[in-house]
Amino acid sequence: MKKLINNVDDIVKEQLEGMALAHPELKFNDEPRYVWHEPKQKQVALLSGGGSGHEPLHAGFIGDGMLTGACPGEVFTSPTPDQMYECAQKVDAGEGVLFFVKNYTGDVLNFETAVELLHGDDVKVGSIIIDDDVAVKDSLYTAGRRGVAATVLLEKIVGAAAAQGQSLEQCEALARRVNNQARSFGVALQACTVPAAGKPSFVLADNEVEFGVGIHGEPGIERREFTDVKTLVEQVFSELVDCPDYSRTLREWDREKGEWTELETTTERFDLDSEYIVLVNGLGGTPQCELLGVYREFALKCKATGYNIGRQLIGDYCTALNMEGFSITMLKADKELLELWDAAVNTPALRWKC
Amino acid sequence: MKKLINNVDDIVKEQLEGMALAHPELKFNDEPRYVWHEPKQKQVALLSGGGSGHEPLHAGFIGDGMLTGACPGEVFTSPTPDQMYECAQKVDAGEGVLFFVKNYTGDVLNFETAVELLHGDDVKVGSIIIDDDVAVKDSLYTAGRRGVAATVLLEKIVGAAAAQGQSLEQCEALARRVNNQARSFGVALQACTVPAAGKPSFVLADNEVEFGVGIHGEPGIERREFTDVKTLVEQVFSELVDCPDYSRTLREWDREKGEWTELETTTERFDLDSEYIVLVNGLGGTPQCELLGVYREFALKCKATGYNIGRQLIGDYCTALNMEGFSITMLKADKELLELWDAAVNTPALRWKC
Amino acid sequence: MTIEKSQILNWLNSCADIFAKERDYLTQLDADIGDADHGINMNRGFERVKDKITTIEDQDIGTIFKTTGMTLLSSVGGASGPLYGTFFIRAAAAGNGKQSIDLNDLCQIFSDGVDGVVARGKAQPGDKTMCDVWWTVVEALEKSKDEGQDLQQALVAMGEASEKGAAATIEMQAKKGRASYLGERSIGHQDPGATSSMMMVKALRDVVVGQA
Amino acid sequence: MTIEKSQILNWLNSCADIFAKERDYLTQLDADIGDADHGINMNRGFERVKDKITTIEDQDIGTIFKTTGMTLLSSVGGASGPLYGTFFIRAAAAGNGKQSIDLNDLCQIFSDGVDGVVARGKAQPGDKTMCDVWWTVVEALEKSKDEGQDLQQALVAMGEASEKGAAATIEMQAKKGRASYLGERSIGHQDPGATSSMMMVKALRDVVVGQA
């Protein structure tokens, strides 16, 4: 293993210090660990978090028009409740705090604890589960679909809504809608190396890919033969569009009763009338030139089948350390979502119109 | 070798098609190969080019406030004169065309031929050599310093000047000034794999780096021991700031006489009174999180020694396929350069204020 | 015969030592079917526990467990952090005000603990989680109680049960946690959380009974 | 004895075949001290030349060389593209209007060619470039002329000279082109451009004299 680090134990701290040095408008607190900024206006505070190693997720999306704060855990390890608790206290402007939680057992459990603690302190708090990874087929025999790169799209869109002054309830409803309209699927060509583990999490032959891989170096849904990018992207396209309805029970925090309620909810169908926001996302070790090749195949396939790409983003946005590979996210969008997408955003990793 | 491509022979074409599909405001011509856009206003046309494999350089920087067009060669192979010739014809709005040429024998020779051809057709043409790589120590026993990541800063700054309506002569003078105030130095942790070659250009042990590496997979100036990011960045910092004056003869096109003149020119000294624009540039296979660690060390070292970082950019801007490693560029800036840097830019890879 | 508070403290310290030693092994188990961090998580958490308990040695066993749970909760992260955290926080009740515990208490402590884990994580038997060890362990303790075994015998049986519980996860298909994404590919690997639970159980046996 | 136009066409075709065959070898030489593309560049360029010359078989040798040069210029890229392009464009003069060439012409052709390369690339003897082959070759041809050798003998000597010229680059330190960045590390490797030049020279010998 050769990495640009000093000490395996300090890498999360030092990378966040690097980010804070580069972007003085971001404030970094080390114990407990969180990053935040002061929004221009009084608004619902949007708070994300999860394991580190997915850079620029999460802290790279803090700024006007997107996140208010983020709680990074250790590499691939969800953060602890004290981080969310203190960060939420810091960023709450009285309009309430909304947590964005990717659907992993660890993230869910740790954020739930934080929600309970904050409720006890009379903070108006909400929590949204993101579960866009269609590689996971069922929720009965698994922990349910994982939260992956749709997180970026969701945080951008809800970030714009919050900046426009929408309420906590409106932001929650919007986030749930975006989550149900988004699908992602990932493929790895080569595993990442978790620094503390010191060697690649798995080894693939030159003609193999992990198909349906997550963002934590865990193996994918299956190992497939790799021939060329066209074939591979067509397989991913099928997984995304030929995806059956998916119903699952998601826990939501009932602010009135102060308890968790279980809500059965079903994903939205894709159709040919909508526009889609497409994210071709690099997993960390794949160069731009190859991602452009992936986008080409995907765009051609969409054209051929009548799917209408309204907006696109190509690059490393939700990574898995140095994993080689990509994921594709499709978000079915209407006028409202497109407008929120186009709205000004000013963060280290996503910036336009300001 | 496992890459997200179809056919080794088609990768440049397909990646440019991908870019054009993603950014319909960019037009792509395949034979001869070039990419261009229509600027909002009548202005000096800025044209870049060079081997492919450095994405987002060059085509990713086409757009308002930066390049007008670019001529990508095959992977790591400079483009041919017919590309520059036709692209220049296409983008010339009567205000003249300025070529940005990185100092490699191949680029220089091919661009020179294009300049001569265009001059014959009465196009007002200029050509700027970029040679910022301080890893190359002399120009007597070598082809001279290479052009590397300062290209990005130079194209941004001159792009802003051209968009403001500055003349070809003004743009040339500005570009020469930026080039003499910029220094870069690169380090590789792992070689890239040129697709047509099929295997890594060199192999490094786990405790070795190529120190002073270029962006074409060629070995660096020397092989050094790698211990940690702090030590490595301090070594790079010394190379950048302790760099003696560098004089060399650069060829310039004399539009009046229609011939090449040789101009002896010397780099600018660095001082502690200026602000610096710093680019921590990933070489393609290095994840964000590690680049942030590099930036941290560099920023701390600058603070400790009194160098003042006025602006920064961290990410993959001038890459070498999937090479693991980074380069650091320092550009000594004054108020004028900082204002041009801050001006609006709207390209696939660099965007702000619009 | 009872387990003294000093032995409980020794146990927690011993867990810290074991997780320092087995960090890479547990991480490797997690690399096979998870995200290669379980050993690192447990090591980080119990290092903190070890530090922390030096400041509360005077308190009762309940407080020690509660503090252990809170410390794990705010230092382990991942799935195992809140689960082991909850385990100890719930386990604390049956140790409240006590300076020593007997077989009955121990049975209650572990059984409350695993109930807490289930309340949070909803695991069912056979889901290939740490619970598959704790259930086997509680069952063994109940049996020892019913059969009137002494504490020493019960702890030996408990240690064996934990090994069985952990080994049994090899053939299971994961239905909870990160390993569940692998579907059938999770079969054939011992669950990392079950393994760390087994290590904790055996550490208690070894502290009280002496190395086997 | 002269070299007929048909043999010149055979030569260019044979170069195309050789660069197709030696593509990876030349690329590997370039990987050692350059950027691993020289074989690919030469292969791409001469494939085009091969296509192109079928359309101008009727023209004189000068035109054939000029077309070859223009084709290389617009298809090879890199340093070698403009250099080989210039080589053939300059070489064309001495072939203008001719359907065959003699030893004198050949000497002039190669000498004009390498002068063109120097005008563009400024290489000096010992800089470890393709010129180190062409100079040795021109020198050998001059010597054959002076000694009154026949064309056949001259071509054999020329082939040997090209091998010597290429081999001599091994011990040189590169001072031009990409390999110059390596400084002393460039010593010990045969220059890719010198090697492709040698291949072209030997191809001409083989076409005219017959495989050795």
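A, B, C and D are the chain letters, set down in written order, and residue numbers restart from 1 in every chain.
Methods note: contacts are C-beta pairs under 8 Å (C-beta built on N, C-alpha and C of every residue); 3 or more make two chains touch, one makes a residue touch a chain.
Being a predicted model, the structure only gives us computed values, none of them experimental.
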Open item on the list: Quick check: how many Å separate the C-alpha centres of subunit A and subunit D?
Closed with: 57
TODO: Please work out the Cα centroid separation of subunit A and subunit B, and write it as a whole number of Å.
DONE: 32
- [ ] Quick one: which residues in subunit A touch 2 or more of the other chains?
- [x] none
Open item on the list: Testing understanding: with touching defined as stated, what is the shape of the graph linking the protein chains, line, ring, star, complete or other?
Closed with: line
Task: In contact (per the touch rule at the top): chain pairs - done: A-B, A-C, B-D
Task: Parts of subunit C lying in touch with subunit A, wherever the complex brings them together - done: 24, 27-28, 31, 33-37, 40-41, 44, 73-83, 120-121, 173, 175-178, 180-183, 185
TODO: Please give the residue numbers of subunit B that touch subunit D in the complex, ascending.
DONE: 32, 51, 73-82, 104-106, 109-110, 112-113, 135-136, 141-143, 146, 194, 196-197, 201-202, 214, 216-219, 221-222
Task: Residues of subunit B defined as touching subunit A within the complex - done: 1-7, 11, 14-19, 21-22, 52-53, 55-56, 60, 189-190, 204, 206-207, 226, 228-230, 232, 284-296, 299-300, 312, 314, 316, 319, 321-322, 324, 326, 348, 351-354
